[in-house]
Each structure stands twice: as C-alpha cells, then as structure tokens.
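Just so it is clear, A, B, C, D and E label the chains in written order, and each chain counts residues from 1 on its own.
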C-alpha cells in the first residue's frame, strides 16, 4: 500500500508540475478513524496528502462536473468506470481533458463491518495483503480474511478496465479480490417473494426515515441534470404546481425515491454511493437493483428505459 | 372519511387519437360505466410521464389508467411502444414497493372499441373498490419522520 | 391572475337532462380564477357562440372553458369563437360533459353531477395555465427534388413539373430509365416496355422546368420542410456534354470490350458507351475503371475521333447545390443477391440458371440476342424451360420474409413469351402460391396455363448440371410426389430488395427504413407516400415491392402531395409542439433518440450542447418530454405544469 | 494436434477399414488420436428414434468423458458426429434438459468440448501439411465426393455448406485427383431404409451411382460408414434390380488420402471392398 | 435541586407506567441504527453509546408542520387552525447536547412573539435527559463548556452509575413526575453525586484535543473572502445532511397546498439547497455552493450567537459523523483560528 501511495503522489506531482492537468482529484485521510475523504490538489506541493487504500470508498467521478472544461486527473476504481462512462455520455464531457488514474483495488474494506466487530476499540488500517487485510485493533495487529470485511459493492466487482484512452494511467499494485459467488439480486428476490403487504410495510418503515436531504441525488453520477425536476425553479409562494410538494410526508417520499429509481434505471453504474451517503440507511440500491433485474429481460435499453423500446417488450397489465 | 362514503377515484390518461375517441364512442353508444373515472386527454400515451402517475397516487388517486392506441397503430408511429416500456417498468416498481397491481393499469383501446373502454373501466373500478383506498401513497402523517 | 369564463352547455337534454347545468355554472363561478360562469341550451349554436364572444368582451375574459361535448368534435368551433372575439384561440379548454359524463352515467345523477364538477375543475385548472400560442409559418422554396430516374422518378418529376413547379431530377446511372427500360414487355397487357417508357424519358429531357442530373448522386441534405439545401455530386463523365452531339463515333471506335452489366454480362460494351440506344441523355460516358487512357494512360482513341472535341480525360467530380422545398425519393429496387444465398441452385455457377431480369434482356429485341431465347452457355434454343418462384422472397431462412409481389406475374409473362417464341418448348413453373391481385392479372395467368405451361405447386430443392442438362429436383405438393426435370434453361423469379445505397440515402435524408431496408412510410394506410419527415415523399419500389401500375400511381400521388405543399407561399405549422427549456437541458439528446420526426436538432453555445426543436417538423406527440429526465422538454398545450395541475384538480 | 478419438460401433465392425485408414493417415499427418476410454453408443438410430432423452444423454456421456480428458473429439462416423453435435446444441439451448441429463449421468459437465468430423479435422491441418505428405499424386483420377446427409444437415450441426459442401474437395486437392462437380453430393443414400423399404433405398442408391456415372466418375469418396455400406455393398444388388452395370468403387476419404500418401493399401483396408477399387487405382498407376 | 435514584431494573417499569398517561418517545434501534420513536415496548429503549441519528428537534419543529387549513366558499375564505396531538409527550433519553440544542431553538422560536406551534409542543413535552455513556468520535461538547453529563435543560436527568441511575430533579414539572411515580424511585443518594462527578471526569478525559472557541467569532469576519470556502466547497456535495441532522438548524419554507381548499405547510429547508435564497426576480444572492457553505458555518459559529446571544452549535458531532465527504466543523474552527485575524 505504501508503495502505491508513493507512486500515486509521484504521479500527481508530475502531472501537476508539468501542467498536464490543472487539478488532481484523489483521496486523503479524513478527521475520523477509518474515514477517507476526497482530496483536491492544484499545486504540486499539495500531493503529500494523497493516499490510496481499501478505505477509499467515495466515487469521485461526479466531481468532474464541477471542473467541466478543465484538465483534470481523477483516481477511479474499476467499479466506478460504468458510472464514469454514463456521466461522460450524459453530459457530453470532453474526454480528452480527463485523465483517468485507475487505482488497483483488491476489494474495499467496509468500515461498518469492522466497527461492528470491534466496537469501541481504536482501529487503524495497516495494509492490504492480497487475501487479507491487516488492521490494528487497540494495540494489537490483526489479520482479517477479506471476504468477511468486504464492502458490499465489491461482491459484484467488474474487475475490468476496458475502453481506457491511451493517456489514462493504470497504477500497479499486487493485490487480489477473493473470488466470490454472490447473487447480485439476492436482496431483491428476497423482498419480491414476500407478500405485498409485507413489502409495503418494509418500504413504509424505511421511507419514513427519509429526511429529504437529497444526498443520494447529489452524490449520484447518474443524476447529472443541471436542474433536478425536484428543485423548484421558483420561490415557494410563486408556485402553484410542482412535480412534488416540499412536504416531508410519505407520499412525497415515495414519489421522490420511485422517480429517482426510474430516472437512473438502466443508466446506474451501481457504485452504491447513494446507499453509502444516506444518513438514515435507506436501502436505495434495492430499488436500483430491482429495476436492473427487470431491465435485464428487456431487449436493448440504450440510452435508458425512458428513451428506448423494443417490439418484443413485455406487456403491462 | 369513513369507508362507507369512500368511492374509488381513478385518473385515466387517454391518448387523443384512440382511447379518448373510444371513450367518446362509449358515450355515443351509451355504454354506461361507473362515474369514478376522471379523464385527462394527452396527445399520445408516450406523453404520459411515469411521474404523472406517481403524482396522481401521491395526490390521492386510488387507481390510474393509461390507455393508448393498439401497438402498431400509434398515430405517432411508435409512441405507444415507448409508453409500453416505461409503464411496464413503473408497474414492476410499484408492485415491488407493495402496491396492488390492479391500481395501475395500461390498456390499448382503439377508437372503435367503445365497449372495451366501458368494460375496462367497469372491471377496474370493481377491482379497486375491493382493494379499498390506496394506502401506499396515503399513509397518515407521522410525528416520527426522520 | 387570469380571468376565466366557464360556459356550461346543456346540449338540449343530452347534458341538461342528466346534469343540473345551472348548478354546475354556479359552482364553477367559485373556482379560483373564474370571473364569469353561465349555462346555455346549445353553446355551439350561433346564439351560443355569440354569448361566449360577448362574455369575453364584457367580462374581459382571457381564458375560456367550454363544458360541453368532446373536443374532438367542437374544439375548432370554439377556438374560432375566441379568435372572433379577439382572443388567442389556444386560450380555450374544453371539458367533455356529454360523451364522458351525461351519456354514460345517466343512471347515477348525483355521482354524475359530482363528476361533472370535477371535470370542470380540471378544465379550469388547465385553463389557468394556458398560454397564447401562435402557429408557426414557414416560407416555401417552390422547387422539388426527385431522387431516382426510373419510372417512379420520371412520373413524379413530370407531374410536378407539369403543375408548373421546377424539378431537380437526380439519377445515379448515366441514363434515365431505371429498371423498366430494361424490360421487354409489361404484364398483363404485353405492351412494349421501352415503347411506353422512352417517350417519358424524352419528355423529361426536354421539359423546360426539369433540371436533370444523370450520373450524379445526392451527397448531403440540410434544412427542413419547405427549405432543403441539397448537395449533388456530379460524377465525372470525361465527356463534355455541352459539346458532345451523341454522334456515336467514339463508342464505335473504342477498342475496349467489357461485359455489359445491363445485359447481365450476356454481351459486351465499350469503355465509352451509351447504356442503351434510347438512353437519355443520349450522350456517352467513359467507364473510368476500364478505359485504357484513364487506367494505363495510353489509348486516347475516342479523343482523337471525336469531331466535337468533347472528350476530357481530366474531368473531375463536381458538386452542385440546389435549393428545394420538397423531396420525392424514388430509388427503386435491386434484385435479391441469390448467388450468395442459394447453394442448392448452384451459387450462380451454372450459366443457364438466370434471373428473371436477365431473361427480360434475352427476350428483348434490343437485348444481346436480338430477342432470341437461347441458352447463355451455348446459344442453343432451350427445349425445356423451368421457372422457379420465390427465390429470395417468402423465405425467412435464406432470403426475405416478404412477398416481392411482381414475380408471379412476370414469370407468367415469361412463360407466355417462351411459349410464344418456342411453341414446342416445355415450360414448367414451380410456385408456392400464385398471387394475381391486379386488374387483368388472374385472366392473364389463366391464359398462360391454357397455353400449356405446367404449374407445379412446390419448391425446387436442387438444381445441378448433368451433361448439358440442368437437373431440377423439386416436389409437386399437390400430388405429393418428387419431381425431377431435365431442363435446358432455368429462370429464377428473383425477389426484390431495396436499391443498393438505400440505407445510406436514408441517413442522408434523415428518414427511416423498415426492417427490410425499404423506406418507411409515415402511416401504412393513411399516409403511404409520406415519410415521418415532413416534406419528404416516397414513390415506387423504394417503399416496398411494386409493379409498374402501382409504382406510377404512387409516383403521381407523391407528386400531388409535393405539389400541394409547394403551391403554397408558406405553410402554417401547429403550435402544439415541443420546446426546450434551455436552462434545464443537459444535452443528453435522448429526445432526439425517441423523436420519430427528426425534429430535434443540436445547438452548441459556449461549449454546452443543447437540444432545440424544429417546430416545422414536430408533430406534438410529446414522447420526448418523458424521455427528458430534467424536465427541460415541454409540449405546448400539454405542458408538465398543465397536466400536473389537471392531476391535482382531479385528485382533490 | 491431439484429439480424443471416438470410433463408435461402425468403425469397430462393418467399417473397420475406415477406422484403420483414419488412424494410419492421422499418424502420418502428426495427428495424435487418443481413444476415449469406456466410450458408449452415440445414441444414433435405435435410441434416436425411440427416446429423445437417451439420444441426448448417451452422446452427453461421451462429451463428458472427453471433457475429462481435456481434449476435443474426432468422430469419423457421420452418424456419431451428428449425434454428438446435436446433443451439444440441445444441451446449450435447454438448461432444464441439461440438468436432467446430468442427473442421469450422475455428474456435471460444461459442454465446452468441440466435436470434429474427419473432414474438419483434416481441413484444419491445412493444405500445406497435407501436400507435404502426398508422395503418389493421383493425377487423372476423377472422383465424385459424396457427403450424404449427416455431415451437412441440419444447418445447425453442419460441418460445411449444406447445399454446396466443399471440404472433401479441398482436402483432396493436394492429391491432384480430379474432383467433379456433380449433383449427387448430398443426396440421400437410402440409409437404413434398405432394411424396411428395399426398393426405395435401391432406387436412391441407383440415383447417386447414376449421377456419378454421368460425370464419368472413376470412384466415389465418402466419409460415412452407412453411405459406404449402401453404395459399395449394395451396388451389385442395384445392378441386378435395375439391370444396370455400375462398377464404381467407393473409397473412404481416409483411404484415398492414404493411397496418395503412399501408405500400404492393405493397411488402409482396401481389401475389404465389394466393388474392386484396383481398376480405378491402376488407371492412375497406383 | 432534588435527587433520586432508580435501579436499572425499574427503569423500564417506570417507562411502562409513563406510557399509561403520556405519549412516550425514546431512542430505539431500527435496522441497526438509533432513532427516536414513539415507544411501544419500553424494553426496546436504546441506552447504548450512539446518539440518535436524527435529532429530537423533530418533536418541536417537525419536518412538516401544518399551520392552517383553508377552504373557499364563494367569495369567502374559511380558515381552520391546524390541530396538534393534545396528549402530553415525554421524551426520554435526550443527551446533554440535545438538551443544549433546545436553548438555541428556544431563542429562535420563543423570542417575542413566540411561535405558537413550537411553543405548544414545548409546553406539552417533558424532557428526560440521560448522561452519555461514552464519548463519540465526532463529539466536542466540551468546546461549548458543558460535558457529557450536563443535565441543564431537562426536567429529569438520568446518569447510570453502576447498577442504578442517579436522577436529577431539575424542574417543578420534573418534581411532580417523580412524586406521581414515587414508587419507582428511592431517595438514598449517598455517594451518587461524587460518583457522577468522577464519571464526568473520566468522560472528559477521553476528549482528545477538542477545538478551541477562542478567537473563532472574532476572526471569522476577516475570512469572508478567503479562498478557503471555495476550496472547502469543492468537496461539499450540497446535500442537506448536516443541516437536517443538526439539532439547532431551524430554517423552513412555507407554502400552500391546494387552491380552493388545502393547507398551509411549514417544511424544513436548508441553506445548502440552491433555491434557499432564490429571489422572485430570479436573482440568488448565494448562487454558488461555496457561498452557501460559508453561510452555514458563519451561521453556526457567529450569526446565531450575534443575533440571539446563544451558541448556534452545541458540539453534538452529527454533522461531523454523517457528512459523506467528511466536512468537519471542528477542522473549520481550527482553520479559522489559524488563518484569520481578529479586529480590523
């Protein structure tokens, strides 16, 4: 890991110093234990903050929108490439100004699982050793089997980094993801098989928690509209009809989350950021995966389910 | 509102060229059907944004019907094909969150099918009446949100 | 706040017998924005209309709700009332109390009354959000482009030009004529094909309003309905047609001999050539691929012998721009490439297995054999001729699924021609079904059968050469027996496919093709000669297989459509079209993907890509509004705000 | 190249010469054949016409065995080839059937093994490799390549163009024989109709012999034991029945290739033909 | 001040008894996280180290508050006041920071003229505080001069000391409650006060370098145009987590739902959403995210104090812990102290 971090810093230093990019977008340690945060460097001397390790959870690609038109290098993991491509297509970004730095990732470490296992003890990440993580718990170094602490997203790791441009950079680091046979739709199937009444109760319960902070939308690379249809274009008293009222009641919350699921359906890169950022732990990926599962049966969904059809589509009832 | 007074409220989005004409024909032919349905005219079933359907439910509709031309007969060539896919996906989603399938229906009704229109409404009203008010989108306002 | 007037119609007892109209009007008067509400016996009658017009003035109404019958019936009527009263006609909203309420809920008056009120509330809610709309106007360039100089293109060009409108006709080959001019006779009348088509070709050439480009192709089309800018590539002919007199010295003296494609390589032609004697223009072109001067740099015979000095080996392709208001596409068809698909018929290895069109050349007096029916392999007259139907048609495995429509009849004609020229010859026809749908067609088929042509219902499974015979194996499904015929000549009724390059042209024009590659008509029944792109029309076999009468009818129909459009100074386009809220547009262009009318264009400002609606092309379906996630795409008259307001009003 | 060799029952019985010549030619061409241990019936004929399940399960076992060997299969017999390929396709298309078959076999398998006919295997070696082994060109010999049905039909399991197969012609090109263009290539040989409907079968055999005679074929070449049996064994019977006098020897493809490669005719099993091949071979000095 | 003790076993029984006469809300675990919920079963009360994700301000300042209902009859408008649940509410399990946050909210909503909706809810609610068992990673209450055991603001306050809770009776209402349910409590508190003090001391020892408040208010004005805010906003998602989860944030938007008949609603709003300060003209004085983010910190650290004389931040750490991109107000305070200059 150390070598990787160094290579990353050297790269960032070189790119910034030689003016190949104006901004290098990566990760640095946060202020809380096990927390890594996005980090931005515009000057070579800032690169010392950069790190890369299995705690680098955030998907940085959406930040590219903030720097549209500028030459930016961004650290990505393979699992984030689908969301990058979608963003590129949706917003017609200039690809040649974007330098992807593909970080070698052998699976992310889920801090929640770690905290649950060793609650109350100081935790520190030490290393990624192929099949294991090394973590300091209290005073003691522990070797942990990866598959037990893997971040949910990693169970469906694409492990591919195709369609890169020649200018993109692949960082090297020897690590490996344990091979895992996981049904990506297990959660969806489970819920599908419950009676409708139980499904309703489930969603009532989790949606009731929603505070409409829109973090799921703000972080989502597939939510790339200039103006969201839920953001009213006029001050409150001037409006008479909206897509949705501002009330924090269940009907609105259903409407918001179902609409968002429809809007990202077929376009979602399944980076899972919506679920990560949700402060009240709404299982948003269930909705996304449900639609992904349904869409799989549809022939040809380019460029999204709202703008495509096939004569062989199933009939609604 | 007590259960006795409750009458199903059904919003129907009908395409101008076929299904709205079918509703007209049902009228001309005096095919009666329950007065629980309220019609909104749209040029094509492809004009029906799934968000309109969600909005109708959130505003208190107990059922939503979308009807358009038969596949292949769309006045705008392939609009109903788009509608079919969009609304099929919406149905899957609504069922997933626990809505009864009968509350949101999609039918292809041509301008010559006045009887089919009346029949469709009758059946839908009957089914929704049995289901009762739409609870999914009309949960009581709870003090403990968040 | 808008000032809404609500007018409740009794429609005699149709509405008034079930609903309490005065009560509805009274209730409607309390709705927000409503400043006046009244009821009347017959709103659509003259006094009714007058009532509305006067109320508009008296109460300074700026939105009108008419609660009466179906807008499909009277929307136009009441829009005119608004216009007469000085109001924008699109500030009208109707609600349907008759068809959707009183007529269907007569048995439940109380509920019907409640529903009626709710329907009026909906209309008022929408009316409050109506905006004045103005039909767009587009000035028309009064010229027409016709692409393709076969019989469809010729007919269309002549019809349009005869209506006094200038025509630009572009033909890819060196001469007009297309496929029809290659034919010998036409079914079922058996008149000489050349005799009826060449005069039309000549008429095109000398028509003062037709500008003819032969040996040229449409390269680029810009603009839209009423105003297209077309770029035409004139391929180099190496002969200056302004000097050439068509004397023929050059092609007589040219030392090169190449197989003549027009005659299916049954004969040869020189490198500088006239495709056929009646060609229009009757001036030659040089085939650059075979000309010795152009390929090897030495020869120059034609230049030396040309009395007019018209030969110019340095000529280059040139580009020409033409402005037109409408386009008629008439690019015709090609034959199904059976040589690539049918191994059982020898993949084209047997010289005496030929296509129907090659047979036309064989039997044609101006063809390579002077009209003698002989075997291409040895020049002998065949004694047994087998015709095979549906080669490449009605064959989803090896060919196309569709019926090519012309083969049954031209095969019957060929069979007749064999019998006529070679009365002793045995003629067999293998068929699946005989389709003789046209005028005089069935009679012709009967006649051919009576002439002794043997029709066998079944397919041919194999053809192979044995000695100088072609062994044709098939089945007679009516007898349930295998059949083997030792034939001298086999003619395949090869199916029809879109002309080569049709897909590319479709892209150039921005029109769509069907699954088989034929150009897609706007509606299979009601708009068979229009495309989804306004101002572009279809004629002939480019839209689907057709015989000559159908082709000519469609060409005239397309011409009539084009003339109808072009005779107007300008056209009014419906204002109920989509528009893009530029602030919200992300430029994802999903709207462009779903638009069936190519009505969305891209504009780039300050590096940001956005969609824009070409109002003259938009038909107002609204599919794009849903494809647009940020809600930037709106439909005038059915806007998101209006529909959401209707939803809210109905759900209260 | 190394392949799992699946002879099937014919090559162990009536078509022994096909087995001998195939092995011998393969050896000389550097094609290593390893017989599949404990192979079983391919599921043709009896199984094929009585039990659909058995007709798939039997070849599936053979496929599974080869999978264990980690080798692709060479199946010279056309009937075996067709069964193996058909089973492969059916299992690919029908996961439920695959599940049932795996249940019957008591094992799972992936079904990734490829199955080659002798034609494909030889053609894959390439013209140069074949030419390198030809020491006795058969110039002047006119042969009609006869494919029959099982190698080329239905299109889904075909090893060549069903209507105009060319693989044998390509394989024989280095031997300099004159391969004829003729119409009988993929006609029906009558197959097992010979037992139930003798006259029909004899007529079909006659048609093929007739077509070959028409183009003055000195010999027929085949790659199917059943075709060979009908054309060779029944030729005398045809002559008796129809009063004809055909004497067209029928070679297995491997035999003719072997001769051109200078291999001992006895080792190639040339002694067991009913129509004497010697005349045809003498004509070209072999 | 009056003191009581209650044993760990009796606490659920006490809560059960309260449920007979009150609505009772307390933190419970739902899918592994802690939220305030109306209590069905007092054994579900969560007494562990984690604070509730959503602060208890929802009970006084709900995300959506119907203010009134209206209906038009002809030319006349009829207006009905919105109804609140009249049953008295007891909130159990408020942390010292939650209690402190009510000071900030009271300053806003109870200043003259008081907001009747908030006032009614406050009036109708009894506050039962509880000392924190642990110091969380985002906590910095000490910065604001109180501790994880501070009982200020509660009616009753509970501190777990071994097997029993020390109960501080802080108000007359608290006193009445203790008297009404006297059977659950014991009066013997010997050594309990000292035990609480030592507990407080041990908890205070666990704070590692909490941010200092000195100079922050003074230096902030000088940093208004500092590029720091721009760079901080690069990372900010612009979501509403920090504000909606903040126990002192109180911004709202009022709008009417329905034309002829409907209700007037007051809903949570957040300064981080771009339409927050959108003017009718279309002008937005805080059009950029950095301006909005800066406003949030100025409000928390300066404006609220300037206006009400009460701190706008209580150091609960929710915004620190739940920010998806780790924007940490403690770090901001440090940075302000480092960069800024006071007085100019």
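Assorted remarks:
Note that in this section a residue touches a chain if its C-beta (ideal position, glycine included) is under 8 Å from a C-beta of that chain, and two chains touch if they have at least 3 such contacts.
Since we're looking at a predicted model, the values are computed, not measured.
Counting only chains that touch, the fewest steps needed to get from subunit B to subunit D is 2.
Traced through touching neighbours, the fewest hops from subunit A to subunit D number 2. More C-beta pairs touch across one of C-D and C-E than the other; that pair is C-D. If you average the CA atoms of subunit A and of subunit B, the two centres end up 36 Å from each other. Centroids built from CA atoms put subunit C at 48 Å from subunit A. Each chain gets a centre from the mean of its Cα atoms; for subunit D and subunit E, those two points are 87 Å apart. Contacts with at least two other chains are made by residues 50, 55, 59, 78, 82, 86, 141, 144-146 of subunit B. Across the assembly, subunit E contributes 35, 54, 63-64, 244, 259 as residues in contact with two or more other chains.
The set of subunit C residues touching two or more other chains comprises 594, 626-627, 640, 644, 648, 652. Those residues of subunit A that touch subunit C in the shared complex are 69, 89-92, 224-229, 240-243, 263, 303-304, 306-308.
For subunit C in complex with subunit D, the touching residues are 342-344, 346-347, 349, 462, 464-467, 471.
Considering their complex, residues 30-32, 125, 648, 652 of subunit C touch subunit E. Put simply, subunit E touches subunit C in their complex at residues 72-75, 258-261.
On the side of subunit B, the complex with subunit C involves touching residues 7, 9, 11, 16, 20-21, 23-24, 26-28, 30-35, 38-44, 46-50, 52, 55-56, 59-61, 75-79, 82, 86, 118.
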